[in-house]
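Chain IDs A, B, C and D follow the sequence of writing; residue 1 opens each chain.
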Amino acid sequence: MGHLTATAAPPSPPRVTSPPRVDGELPMAGQPSVPFVEIEALRVREFIPAAKEALTALIAEQGQAKLIRPVFNWAGRNSLFPLHWGLACCAIEFAAGFGARWDAERFGVVPRSSPRQCDLMIVNGTVTWKVAHKLITLYEQMPEPKWVIAMGNCATGGGPFRTAYSVVPGVDKLVPVDVYIAGCPPRPEAMLDGILRLEQLIRERKE
Amino acid sequence: MLPADLEQALAPKLGARLVGVEPFEGMAGRVRFRREAALDLFRTVREDLGFTHLSMVGGIDWVDHREVFYVVWSDEANQYLVLSTDLPADDAHVESASGVWPSANWHERETWEMVDVTFDHHPDLRHLLVPDGYVFHPLLRSFKLHEPEELEVKSRHV
Amino acid sequence: MSEMWINMGPQHPMTHGLWNLRVRIDGETVLDVDPEMGYLHRGIEKISEDRHYNEVITLMDRTCYVAGLAWEHLYIIAAEKALRIQPPERADYLRMMCEEFQRIGSHLMWYAAFVQDIGLMSPFLYGMRDRDLVLDLFQSYTGARMTYEYMRVGGVRNDLPPGFTDQARKVLDWLIPRFKEYDQLCLGSDIFHKRCDHLGVLSASDCIRHGVTGPMLRSAGVKRDLRKNRPYSLYKDVDFDVAVADGADVTARYLVRMEEMRQSVRILRQVVDWLDAHPGPVMAETVPRWMGAPYAPVGREGYLLKRQYPKGVGFSSIEEPHGEAQAYVVNEGGEHPYRVKFRSPVFANLSAARTYLVGYHVADIPPIMGSVDVCVGECDR
Amino acid sequence: MSNVTLYSVSYLLSDAVLRAIGSVLPRPLSTWITNADLITGIAVLVFGALLLAASMLNTIVLIWWERKLLGRFMDRRGAMHVGYAGLLQNFADGFKLFRKTTVQPREADPLGFYTGPTAYMVTSMILFGILPISSGWNSGFLPLSLLLALAVFSFAPLFIFVSAWSSNNKYSLMGGMRSAAQMIAYEVPLLLAVVAVVIVAGSFDLTTIVYEQQNYWFWGPLAVALIVFFAGMLAEMERIPFDLPEAEAELVEGWNTEYGGMLFAFFMLADYLRALVGSILVVLLFLGGWTLPTWVPAALTSFPLAGIVWFMVKTYIVFGVFVWIRASLPRVRTDQLLRVGWNRMIPLSLLSVFLAALLVTVKCLPVFGCVPSLGV
């Protein structure tokens, strides 16, 4: 082992980390050597949403990929969780659709009570102006991607109550509707048919 | 219980404030009274005549005046009775029955918001069926229903 | 935990409809409740004023969507009184049959919803399954599962199809053992008794003070059933008992409803036998063609008033599956009723919510509200 | 058979792969890559991956099994149209939840909101690594594996409570409180029932406990302990009749009301992982693990992987009983649940410990081996 000479290795040039520049702001002199961003990252509360955003972006990117998209499409259309709520008459037929005779669970349709876990809102009945803003809130609480089925004439266009002072003439005035089911109330078969048509729509969707 | 019996029982207590008792199909009768008599009549009907159960309170808009009717039943007599009073349209108020029959509470709230009849001394007179802040009284004859298309056209012009 | 208000509704599994129960709780104890109604207020009374007498029937089916035929019956009695029309006997029997089948259907729906509230999962499906059989019967003679438009002023729309009575008897024979199964699933379980006994107690005097009727009143030991006390239609001709229970709690309401279904089966057997033996007209002769038309005439011309009816007020009250319903129909001689006012039993039963909910646990709210049997459609109208 | 274990399989796999890579690489790299330590390390990773895959697969099949069975109890068919007999239904659900947006409520605390479900999921997965499935499928000799499993099992209320509280929803909070109270109340009888098993078996090692059941399965002599353990497991798994924290009727979805997307999937998976672990523990402690009675024909026990197959059959039957209970019992109330827990279950579990001690002391245990239906 020979001893190292002082001149053998030239000193490495000091690495300069430039502070992030914000438009309209002058770079400040005498900043600490640790960049500002790293201090921010150390704060866990800020870091977790940032990491989540990056992860979501990654997943979204993956979702666009040709290989994965059909899988997600298949999964999305085969497991539609409708919101478990009942507005009016159609709610009874909605419940009958989950009964023993029709059993909507065959198609992977399981009602969930929390809007966070739903992808499908079946508006099963008359929507009044009093409940309108709650309906919109529920719709907004549902995570993307989400769909809406207007079940029955009332949800489609007000039905027999369209002239009434308290009834919204069609839920499409409030939220975007994907499938309309006619009937007053529609039979459970019609409800299942509506769900299957929605599945078809998802299958044919071009992203 | 016949209308004549009712009149006999009520007339001494109410005097001139009792307008009259008419026969009514399927009921003991229909007691018409002036609104000043409301509380006395309710108490008499409930405690002396035994009509312990108030079934419904409703209002009718007769354009020139408004009518409020109360349907009560008695278990012992196995009879219904309808009490009704006429109120002027510009000053429609009557004493609340909810102190006598607690079940009147919601019915009176509904009548208030639908037919615009104020119930004095009601414990909790606020909107029940229509949203808070709704200014119309839908069951008045002057309140007309229209097709939603008309509504849309109007709102577009506004 | 300090006191807080929670909103149970309008989207909540407990509500079985669209209403909001605001609850003030301390930990798990209920301190105060405030039902908030009107989320399904469709203005049926107002729309009726713009409608022809027979067109109101359409709204009646939607008023109470689990007991449409009972509400049709209620309205029809009041309208016939207001218009002074007498239906034929067979039509009355048919209406009774409708109402009793509807009572079974409604109670089965109640059973399905109620057992879900106490956490029983499978009986929900059993209740819906057996209700579908009743709905099949309705479908065979009215053409619809839930919204029938079957009754008309002056009678009913059409007679029964051939072979209906045999099918009805088969369904009745099927139902009786099922009721036993339901009882085994509920009353046979200790947990059911632990959950439901002495719960939501509403004594007879409280019931009367708050205008509570129907199974809730009968569960408090009061023997009041309009079919027996003030027989409307032809209920005086059939033989049945009034279901009464003591205890005024959730279990008592369960027992009353179960017994009512059995009694309905008993009534139905008599009614079906009568219908077999007595064919006849189902529409009164005095009713003009446009009023009792089997199919609604096309266009407004069909509704021209042929005859002024005498002015009058019709009042009717029937024992609807949820309780005592009343209709008040004012006829001013036109083709539309001047004013229609309905008394919904659920409306009164819910207005007493503070009396039977305060002091219990949060977990007790669903069974109690389940035992009340809320149908928001008829409450908000 | 007995010397082929999960670890030996993964070691062979890693060894073969690394040697194959080493044979094509130049000299210094190939010696480095065929290093024994590296092979061991890779083998452990493969071992973990196999465990993970097996646990995930089993969990998903378990959900399918529950849905089908529940459907049959309810007079319907359950999932049918996605894959053969709906077998792919849960994969579809999983992929869908993976794609869904995760909504974080504005007022929620992000730290607890995200770490809660993740930690719940991870601790439930660790459990699967501890439990032996057959003579070959285990993670080696863990002298205190039973204690370790129960310790990890009891982490759950903490994470449930954290996630419930941080999601800032009143229903979640109530669900979390109920969950914590319930799980803590039922830990005690659960552990005492396990003590009875340990007294009879004389070991805390799950493999030893299974081999101690050579002559008689423990459900005969320790029937009381089995009942206590079963009920305690029901409460720990939060299934009907003890599913108060998620009581759908009053608390919308209980403590996972605010969770959607992948975090909800974590909860769902972890719940069923715990259900699987609960069933596995019942099989290990009371139903003889992967062994079968001796009167069973040898052909049924000698085929490859027979231990795993029979173990899984038993586990799924035990889980079927859980499903059966779920389909036929109503839900109890919180105070009743806690009263039953403290007033009935703990005395019963103490009784079971006493009975176990008595059986060991008077040496009457071999009697159970003489009953043909019990004996092996």
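Couple of notes before you dig in:
The rule we apply is simple: a contact is a pair of C-beta atoms (placed from the backbone, for glycine too) under 8 Å apart; a residue touches a chain by one contact, two chains touch by 3 or more.
This is a predicted model, so every value here is computed, not measured.
Taking each chain's centre as the mean of its C-alpha atoms, the one that lies farthest from the centre of chain A is B. Our note on geometry: chain A versus chain C, Cα centroid distance of 40 Å, whole angstroms. Note: centroid distance chain B to chain C, computed from Cα atoms, is 25 Å.
The distance from the centre of chain C to the centre of chain D, with each centre set as the mean of the Cα atoms, comes to 48 Å.
Chain A and chain B have Cα centroids lying 50 Å from one another.
In chain D, 74-76, 248, 252 are the positions where the chain touches two or more neighbouring chains simultaneously. Among the residues of chain A, those touching two or more other chains are numbered 99-100, 113, 130, 163-166. Each of the following residues of chain B touches two or more other chains: 129-131, 138, 143, 145.
Taken pairwise by the contact criterion, the protein chains fit none of the simple patterns, being neither a path, a ring, a star nor fully connected. Against chain A, in their complex, chain D makes its touches with residues 67, 71, 74-82, 86, 88-89, 91-96, 98-104, 110-111, 114, 248, 252-253, 256-261, 264. For chain A in complex with chain C, the touching residues are 83-89, 91-93, 95-96, 98-101, 113, 115, 125-126, 128, 130-131, 134, 138, 160-161, 163-167, 184-185, 187. Those residues of chain C whose C-beta lies close enough to touch chain D in the complex are 1, 4, 6, 8, 12-14, 28, 115-122, 124-126, 129, 185-186, 189, 191-192, 194-195, 361-367. Contacts from chain C toward chain A in the complex involve residues 10-13, 15-18, 38-44, 46-47, 50, 58-59, 62, 65-66, 109, 112, 124-126, 128-129, 131-132, 145-147, 376-377. If you check the complex, the residues on chain B that touch chain A are 129-131, 136, 138, 143, 145-148, 151.
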